[in-house]
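Down below are the structures I want you to see.
Both complexes below contain chain A, partnered by chain B and then by chain C.
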Partner chain A sequence: MKRFLITRSFTLLIGLVLSSLIIFVTLRLLPGDVAQVIGGSQASPEKILDIREKLGLNFPLHMQYLDWIKGIATGDLGNSILTGSSVQAEILQKAEVTVPLTVYSLLIGLVIALPLGVFTAYRHQTKVSKAVSLFSIVAAAVPVVWAGLLGILFFSTWLGWLPSQGFPREGWDDPLAAIRALTLPALTIGLIEGAILFRFVKSATFAALDAEHVRAAMSRGRTRFNALIGHGLPAVGLSIISMLGLQIASLLVGAVVIEQLFNLPGLGRMLIVDVGNRDLLKVQSTLFVLTAVILVLGALIDVVHRLIDPRMRIGE
Partner chain B sequence: MSDPTIGYTKKKRSRLPIIIGLIAALAIIAGLIYAISNVSNKSSSSSSEITISVPLEPTNLNIRETGGVALDQVLADNIYEGLVGFVSGTLEVQPVLATDYTVSDDGKSYEFNLREGVKFHSGNELTSRDVVTSLTETLGSMATVDATEEHTVTIELAEANSGLVYLLAGRDGLILEAEATNDLANSANGTGPYLFEEWKQGDSITLIKNDDYWGAPATLDKAVFRYIPDGKAAVNASLDGDLDVQVAVLSTLRTEFDRSDDFNLISASGTDVFTLAYNNNKAPFDDVRVRTAFSQAIDVDEIIAALEGEGKPLGGPITELEPGFLDLTHINSYNPENAQKLLAEAGVENLKVTVTTPNFYDAVVLDIVATQLSEVGVELTINPVEFSTWLEDVYTNKDYDLSYVDHAEAFDFFNYANPDYYFGFDNAEVQKLYSESLQSLSLEDAANKLAEASEVVANEAAAKWLYNYTPTNAISKKVQGFPESNTNSRINLAGVTIVE
Partner chain C sequence: MTVFKAFRMVGQTGKGQFAYTVLGLLILLAAMSYVWLPHDPNYAQGWNAWLPMSLEHPLGTDGSGRDVASRLIAGTRITVLVAVGTGIVSGVIGVVLATAQTLGPKLLREPLAIFIDVLIAFPTLLMAIMFTAVFTGGIPIVIIAVGVGFGVQIARVVRAEMRQILGADYILAARASGVTGFRLLMRHILPNISSVLTVQISLSMGLAILAESGLSYLGFGAPPGVSSWGRMLEETQRYISIHPEVVFWPGFAITLTVLAFYLLGDALRETLDPKLTKKQVLRRTSLGVQG
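Up next, the complex of A and B:
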């Protein structure tokens, strides 16, 4: 286990360094310049030069990179070029929307996927199961934007039950309004996510029903259902945990799109605006944090997997 | 270690995970039911709070450095004031922080008497020193600014400039506190009727009433400017009852308001000129015949019809609100046959050109232009780019054939008298007329010279002015006194009230 932890941390570190390089370099390939964005379409070339000088944009690139990495290593994500405000503070503020949205979506996805997945695998011959499976194929293939528009049309325009956009200005000081604001976006992502997870849960349950240890439990006199719940599902749970690691990235991407559609002041919308304004320092730090979250979660899931699955510890 | 025993003993399993799972699931379902059942229970806002949505957010609040009208729209008039300003919703100049002013006979010397008892939001009194510091910075080498007495400021111009009062009523005339140490990029300290309360980036700017204001007190306790870049989301916000005013409703979404009785749709005139610029420096657009052909090949009426009438045809660069306006629509009006002839004369057949445009404008306009140009044998490629890319490629490097962008600023005719501007339009007569306009001693003479210059610009087909944008604002029937023109550049909240 110790050796595993060391090698896994090492690959995590390499992953972080590589991604920081990729992020830094690809952003520098973008045309356009923040000094021009500040100056706008009336500023003289002298004024633009002046702004560039003030912002320190004339430093050589490798210096800028080292400076940035040094900051990150010491826990400083830098300041926005445009507003001078701390990137950390900005990310934390916007995460108040994006993180709950992601968690909310994931929970909705799980609430949909787990019971339905187990049920349809257990009773796979019934008409209801077939209908659910068919619906999941459709739902998993629907683009987030389109699903969101349908949701707005149905829940907001026709039924008037949920707000179609916005987040309360008081934020989480008004928790009920905040939850209401996130409900339709979370339902949108959660439904699609649920459809993807559902298919996964279903096939894992299917495999579990057929597994030898489940059949053995049945032969000892347990009912099929009892054997599935008691002996089959732990294995299903394990595969779901590793699946979740992969899905977190897609959940975050979904959040970026949905925030634009529902006018939510989260990380996704912030990124789109900052890229447009070429606030590269802020963009690269935000992207790095998101990448790091995904990489670290991936590593954590690997560790958890090892801890709870004895088969992976064989030979240690 | 015990011996392994043979046989089956039931292992005690904790039921905790199942219980936690069940509770979580129930909580979510309960939350959903609550969220859905709690139908539109809007906290009834106090009667004097207004929420206004605006599409474009400023990149930061530094009014000295950051370009674009998004800043003036919110901060000018309401927070920052100048010696003079515009009467709300117009481009008529009126005294604000000055009580009055006099101009010398040669038009080079201005004397302003400052209003007494004006306080900055920081609590400090406005002095002539603040005015001198502010104007020295913005006017630069154009003028020498001096405080002759405690409440008198003189501006000595190097050369007469009849446009000075417009300049002072605009961005460059806003007076900031000389001693202030506040972070200009994230806060604002002016003399206006509203105080800056908060900027939530990506969301909103909030202003609150300044109880210490020198003039007529603010009529609202609080004003929230919400930034909603997505046009559909903005309309939804209006219909949800979240907004009192929605500035610049997308023309294609206007019919959505048919579902609601709560709003008046008002078309606001403005100074936005959607300009199809020709790169006058670059072949083939250095040939006036080619520019004329392009201008005559485009039928602006069709474009305006496609925008559901949200625009006025324009024959030159100056809009009706600005001094020097002339109806020039008869110049280079739609005439595709002549356009074809001109292109043949200029020897450019099967022309292929590209138009570079920021990607946030309605695509329908350039689609129509492309179709119309194809009818005279020109193949137009549309290249939508991010605004920052447009600034680099077109504005700075002047590397383009055609460009399509909204010139929102008022009094921006000088760009046609400046051969270094991205238009690359270099015409001695225009430059002469423009400088004569600046040197005129009366505003009327100045306007006449400007009109003359704009006619030359139109005849030379320096660009094609596709339309003067007249955005539709959705204004709640509860709101009274909201400015009805120029709202894309300035939203002066003076006199705006909410009646329940």
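Up next, the complex of A and C:
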């Protein structure tokens, strides 16, 4: 276990450095003078000089990179070029919307996918199972924007149950209103994510039903259902945990589009606005934070998987 | 089984027939749009806004008085371009990266593996947004960003397949008779990964259309004058409470096309699976049973 922790931390570190390099280099590929692009064509020469100064463009590239990394390591993500405000303060503030939204969507996705996936694999010959499977592949083909628009149409315009736009001004001081505001967005992402998760749960359950130890349990007189619940499901749970790492990335990406659609003041919406404003330093730091979150969570999931899966401990 | 034969056999399955019909229609409409369209998709007539379905405007008109059917048909060009473009880019990147990792210099292999793992963790849409921040968007940027994103995922699948093939006896035999390098790749390895590759590319084409719709919605995809389904979704959002019917068409078109690519990939995988007999394939790929 110790050995595993060391190697995994090492690969995580390499991953973080590599992703920071990819982001940094790509954003410096910008053709022409960065300061000129940010300032706009009407900017006065003094303003351009000021921007160059703020961005540290007068230094060589590797110095700029090291400066940025040093800032990240000490918890300073820099300041916005346009407003001068601290980037990490704003990221923390926006995360109050994005993180609950992501968790909420994941919960909805799991609540849909787990029981349905196990059931359809257990009773895969029935008409209901076939219908659910067909629905899942269609749902996975729906663009997230369209699902959101249909959700707005159905739940807000026609039924009037849920708000279709915005987040309460008081934020989480009014938890009920905040949850209500996030429900429709989370439902949108959760349904599509659930359709993808469903297919994993279903194939994992299929594999579990066919596993030797489950078949052995059945041969000892356990019913098929009993053997699946008692002996098969732990393996299903493990394969879902190892799946979650990849799903977190796609949930975060779904949040970028959905925040725009539902006018939610989250990280994704901030990123889109910053890209529009060419606030490069902020885009650079935000992108890094998002990828770092995905990489760190991926590593954590690996560790958890290792901890709870007895098969992984063989040979230690 | 060769890939061509697999494509022929897929046509006998329910999934395959659905996919071929939708994709055939898509290509036909895209080709037709260069020759003839019911109306000019960009011709806005304010006095004709929100017309209902009629013979003149089969799907009605939008808020600026543009013909919805014409815009949908003109939008197929972007869809086909994105699907084909991403398919090529991701396929090439996948094969090149996987080859470099399995046949390339030993010193390169481990760093490449880590590099690919990092790129896989890097969400495709974020990559596209990053590229957009640098090059101000457009369809070519979308194709490259999404192509790179899916390319690294394909690389991982192809790499696993290549490793397996490299251990096979016929590779050993080929090597023993002096076949190495490029010739080994072209004659013995690529033909044997082509089936896995085809399935992966088919799926990534479907995902690329989804990604394009999201990016165009965010304003990073097709430029304003060009009809694109993702852009149509964005344009109709403001009117959703008054004219919900126009929201339906672009989303429906996207879903149908993406579904076709998914089912094509599914049908291909089942057809190419050597463990299944032809009869089993035909039974399993009838619509509704996804194993």
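Convention: the second predicted complex is superposed on the first by the 284 of 316 C-alpha atoms of A that agree within 3 Å, B and C clash if a C-alpha of one lies under 4 Å from a C-alpha of the other, contacts with A are read in each partner's own complex, and residues count from 1 in each chain.
Quick note on the criterion: a residue touches a chain if its C-beta (ideal position, glycine included) is under 8 Å from a C-beta of that chain, and two chains touch if they have at least 3 such contacts.
Note that the coordinates shown come from a computational prediction; the quantities given were computed from them, not determined experimentally.
By the touch criterion defined above, A:Ile91 reaches neither chain B nor chain C.
Of the two partner chains placed by the overlay, chain B and chain C both lie in contact with A:Ile152. Within the superposed three-chain model, A:Leu29 lies in touch with chain C and out of touch with chain B [touch as defined at top]. When the two complexes are overlaid on their common chain A, residue A:Gly298 makes contact with chain C while staying clear of chain B. In the superposition on chain A, contact of A:Ile72 is made with neither chain B nor chain C. Within the superposed three-chain model, A:Val142 lies in touch with chain C and out of touch with chain B [touch as defined at top]. With both structures placed on the common chain, the touch criterion links A:Ala178 to neither chain B nor chain C.
Legend: residue contacts after superposition of the two complexes on their common chain; A:Leu261 is shown touching both chain B and chain C. After overlaying the two complexes on the shared chain, residue contacts for A:Leu134 are found with chain C alone; chain B is out of touch. Shared contact residues of chain A with chain B and chain C: 30-31, 152, 157, 260-261, 275-276, 278. By the touch criterion stated above, chain C contacts chain A in their complex at residues 114-115, 117-119, 121-126, 129-135, 206, 210, 213-214, 217-220, 230, 233-234, 236-237, 240-241, 244, 247, 250-251, 254-256, 258-259, 262-263, 266, 287-291. Per the touch definition, chain B reaches chain A in the complex via residues 8, 13, 21, 24-25, 28-29, 31-32, 34-40, 57, 59-62, 65-68, 183, 185-186, 200-204, 206, 224, 226, 228-230, 233-234, 236-237, 239-240, 242, 385-389, 391-393, 395-396, 405, 407, 409, 412. By the touch criterion stated above, chain A contacts chain B in their complex at residues 30-34, 36-43, 45, 48, 51, 82-85, 90, 94, 107-108, 111, 114, 152, 155-157, 160-167, 169, 176, 179-180, 183, 187, 220, 230, 260-263, 265, 269-270, 273, 275-279. Across the interface of their complex, chain C is touched by residues 11, 14-15, 18-19, 22-23, 26-27, 29-31, 130-131, 133-134, 136-138, 140-146, 149-150, 152-153, 157, 199, 203, 206, 249-250, 252-253, 256-257, 260-261, 271-272, 275-276, 278, 280, 283, 287, 290-291, 294-295, 298 of chain A.
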